[in-house]
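The structures considered in this document are given below.
Both of the next two complexes hold subunit A, though its partner changes from subunit B to subunit C.
Entry: the complex of A and B
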């Protein structure tokens, strides 16, 4: 039953990657922004939660709950003060600005928290598992996967059943016309990035509780997230989940063959999908 | 007779100044210390990488964050030539260019499938895949890397002649040889980009960058052009990588495929100096080197500062430091703009 076990672990790992990617997918879907600092923002949020746990003695869940509004504000400010100024037809300025932000954030965290790897203590939950007969699964991976599904349900609900979501979709389709209807695109963008940062906080919580992290790991997480978004098809959140699962399964099968091949197998899975479906599995819009 | 020209007085003056600088640069090892030569080697190789990246992103609109793939594969191919085939290190350098060119073909194939900004991610994934595969190559040290063998480094072509010429030790002679090669490479890269921009290919390139639909409507083959620029840039980056690791004589996957060293720093140089100009990278590398020297003792503050400066430049002076100067003074040291010259047309007032 080793293969079934590998498959299940891979699918659950995909939930974590989908959480990394959901914020990216949202932001890209609304404003076509590729945020190269997304991975470092996840690591930043993980440190924020860690500070809440170690300095204030909070439980990780409460710490994340407090970190979420802070991250929302950070995203809102980042978008309105910096990113809104460089968004436009030319893709170069936003790429370079977020790249600069990524390097600055990484080294700022290094200065503040040193290169030691840290972990958010989660108590008994860290080692709890469920015996399902055929396979045994960890409670933490299961919670991660469930959170990814809940996050995507919530985002889709917001997107398709609220006034704010209507503003998001209208701005995504045509920012100028949306502006004529009384929607302020820049405010919409700032709110979207704020919401993406709330998802980032959730991703950071699981990143920090499941494994060790240090200031330099952001880019590696970012690359999995991007692969998930691209495999899923740009702009589709369920596609992003499917993309995350494909990367996760490819990685666990690679690792089962040879532990050195885990990361490589994930990338090769991504390249294979690119070869067969260059626009991803569920492309939502023509961009 | 009417004709197009890009020649200006500032351009001609620059050409003379550049020639003088090249001759002075070649003669410099006679008077400069080994430390100066090593610093100049660093500056010249970074400038070469910056000119190449500027060609890709600034003129070709191809924002690659995976150039470390070509530095790394070039360096490893050179090491393989020396260690596996017993070639002289100097003759193994071109192998780096060839290997990078070959790697660029699948990289372009995958990355060009991704639209817009996702092109950057495609190049990055390919660089990661290459790094992970090279780390599996046990004959070249696997994940921990390897050094050039002693008998190979002591027999590099030309080193003995340099020792005789300047009466220096072998290690210093090796640095001088690497420095001269870096000088040749930077002149070739800068001159090559300049020549390219003044040619038909360059005209097509800037046309595609400015408006791809209009360019295609007058018969520019945009896809072929992007392939050409990407492959040329990859080969040149591979040569530079081989030269950089000839000088260090030690290699590991993490050093050869370092995103920070070979892509982040290079991007900062181009952005701070001024993207889309030939002067920009030259200015940028000087600012970069000065910052590096001043902030060397402050560890990660230095990279953090570079990142913040790059953001500030993109926000407030998107054409970079050189852009500020050239806009004020209308100065172009490497003019590429075509102007019509000839007799005054009669009857037109």
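Entry: the complex of A and C
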């Protein structure tokens, strides 16, 4: 039964990776922007929640609720003031700018919070679990997975059933023609990045409650997020969840064989999917 | 005047595509802009709609300078465009393509989803199809309907007959009088001189980035058009 337990833990871990990746997937899907600072923005949001918990004495959930609009504003301003200026046919300038942002964020966090590992205290929830007989499921991983599903449902609802979502898809298809429809692509991009930062806040909440973090761990989270997005097929949110689950399951099975193999097994899982399906599991029909 | 251009110039990098173009469109009027490939017709449309930005005073809408506005701002003032090649959004269904045309500008007027479907009944049947799954003629209907959804004062139609079968072109052109009757002025950009003369009150002929002829459609002769179109006597 150890294998069933490993499988379930892997699937649930995939929820965390899907949360890391959903914001990246959203931004890439709409504006073909690869945000190399995505992992560091997750870590930044985790510190924001931590400040709310430790300095203001809030519960992590309330702190995240307060951090979410701040992160939306940060994303909106980042896109409007910086990233919109470098978006264009050439993909190199936005890569360089977000790489620079990543370095700046890491060093800024190091200056403000030191290199010490931190954790968002979640009280009894940290150790709560459900005994289902064959497997025992941690409440925190279960909440993470449920949040990932809810976040993807909400984003898909926004995408396919609102006027804003129509504007997102139209701008992604053809920004010039979207402009002729009265849509300002730059405003659409800023809103999309703002929404991605709200998802980042959710990812940060679970990252911080489940494990230790310090200013330098952003790039590693970015790799997992990238792999989940690419496995899923660029820009598909359910594909991103599938990608997260594949990496999560590969990691837990790797760890079950030998604890040192956890990270390696995740990357091998990613490479195996790429060998079989180079365009990912659910590639967009139009690119 | 509803729309005017004054000494409008436009460049693509080092290459100048328009050399001081003056046109004017009155409210409710139908104007055709004709010319061969590369005459500057589409560049003129792109300049009017803000895809190419210019000096503010080069394009006037109701005497207000709009030459430097973004295409979204130009559209919100009531200038809607049916772009060359239709340019439907492939990720959107037919109905979503129509809805997006009216979501940024909420103007009162005759056009809404129901009246566009009445104008093109086939689109009602195909409302949940992807826009790009339709035939060329049906795609053109979506592109026109999408532009009408904002209840524009001025509808710009860039080469709406391009690549379509003659019978389809006839059907597409048959709706323009209805659009006009409902209150919009129309500018059609055409290579097909016969089509242009049939619908327009006035024509502008362009060649190599300049207007070479301005005339009433009912009075102009074939010889005059030939000379202006090809730059030589017939």
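Operating definition for what follows: the second predicted complex is superposed on the first by the 285 of 287 C-alpha atoms of A that agree within 3 Å, B and C clash if a C-alpha of one lies under 4 Å from a C-alpha of the other, contacts with A are read in each partner's own complex, and residues count from 1 in each chain.
We adopt the following convention: a contact is a pair of C-beta atoms (placed from the backbone, for glycine too) under 8 Å apart; a residue touches a chain by one contact, two chains touch by 3 or more.
Small disclaimer: the values here were computed from a predicted structure and weren't measured.
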**Prompt:** With subunit A superposed, do subunit B and subunit C clash or fit?
**Reply:** fit
**Prompt:** Is A:95 contacted by the first partner subunit B, the second partner subunit C, both or neither?
**Reply:** first
**Message:** Under the stated touch criterion, which partner chain does A:148 make contact with: subunit B (first), subunit C (second), both, or neither?
**Reply:** neither
**Request:** Put down the vertex angle at subunit A formed with subunit B and subunit C, C-alpha centres only, nearest 10°.
**Result:** 90
**Message:** Quick check for you: in the superposed arrangement, does A:267 touch first (subunit B), second (subunit C), both or neither?
**Reply:** first
**Asked** Among the partners subunit B and subunit C, which is in contact with a greater number of residues of subunit A?
**Response** B
**Asked** Thinking of the overlay built on chain A, is A:167 touched by subunit B (first), by subunit C (second), by both, or by neither?
**Response** second
**Message:** For A:202 in the superposed arrangement: first (subunit B), second (subunit C), both or neither?
**Reply:** neither
**Request:** Once the two complexes are aligned on their shared chain, state how close subunit B comes to subunit C by Cα atoms, in whole Å.
**Result:** 16
**Item:** subunit B and subunit C footprints on subunit A, overlapping residues
**Value:** none
**Request:** Over in the complex, which subunit B residues touch subunit A? Could you list them?
**Result:** 57, 61, 63, 65, 110, 113-118, 120-122, 124-125, 128-129, 132-133, 135-136, 259-260, 264, 267-268, 271, 275, 299-304, 306-311, 314-315, 318
**Request:** Mind listing the subunit A positions that touch subunit B in their complex?
**Result:** 32, 34, 36, 82, 85-86, 91-97, 99-108, 110-111, 219, 223, 226-227, 230, 234, 260, 263-264, 267-268, 270-271, 274-275, 278, 287
**Complete:** In the complex, the residues of subunit A that touch subunit C are 163, 166-167, 169-170, 172-174, 176-184, 285-286
**Message:** For the complex, give me every residue of subunit C touching subunit A.
**Reply:** 49-51, 70-72, 75-76, 80-81, 83, 87, 89-92, 96, 99-101, 103-105, 146, 150
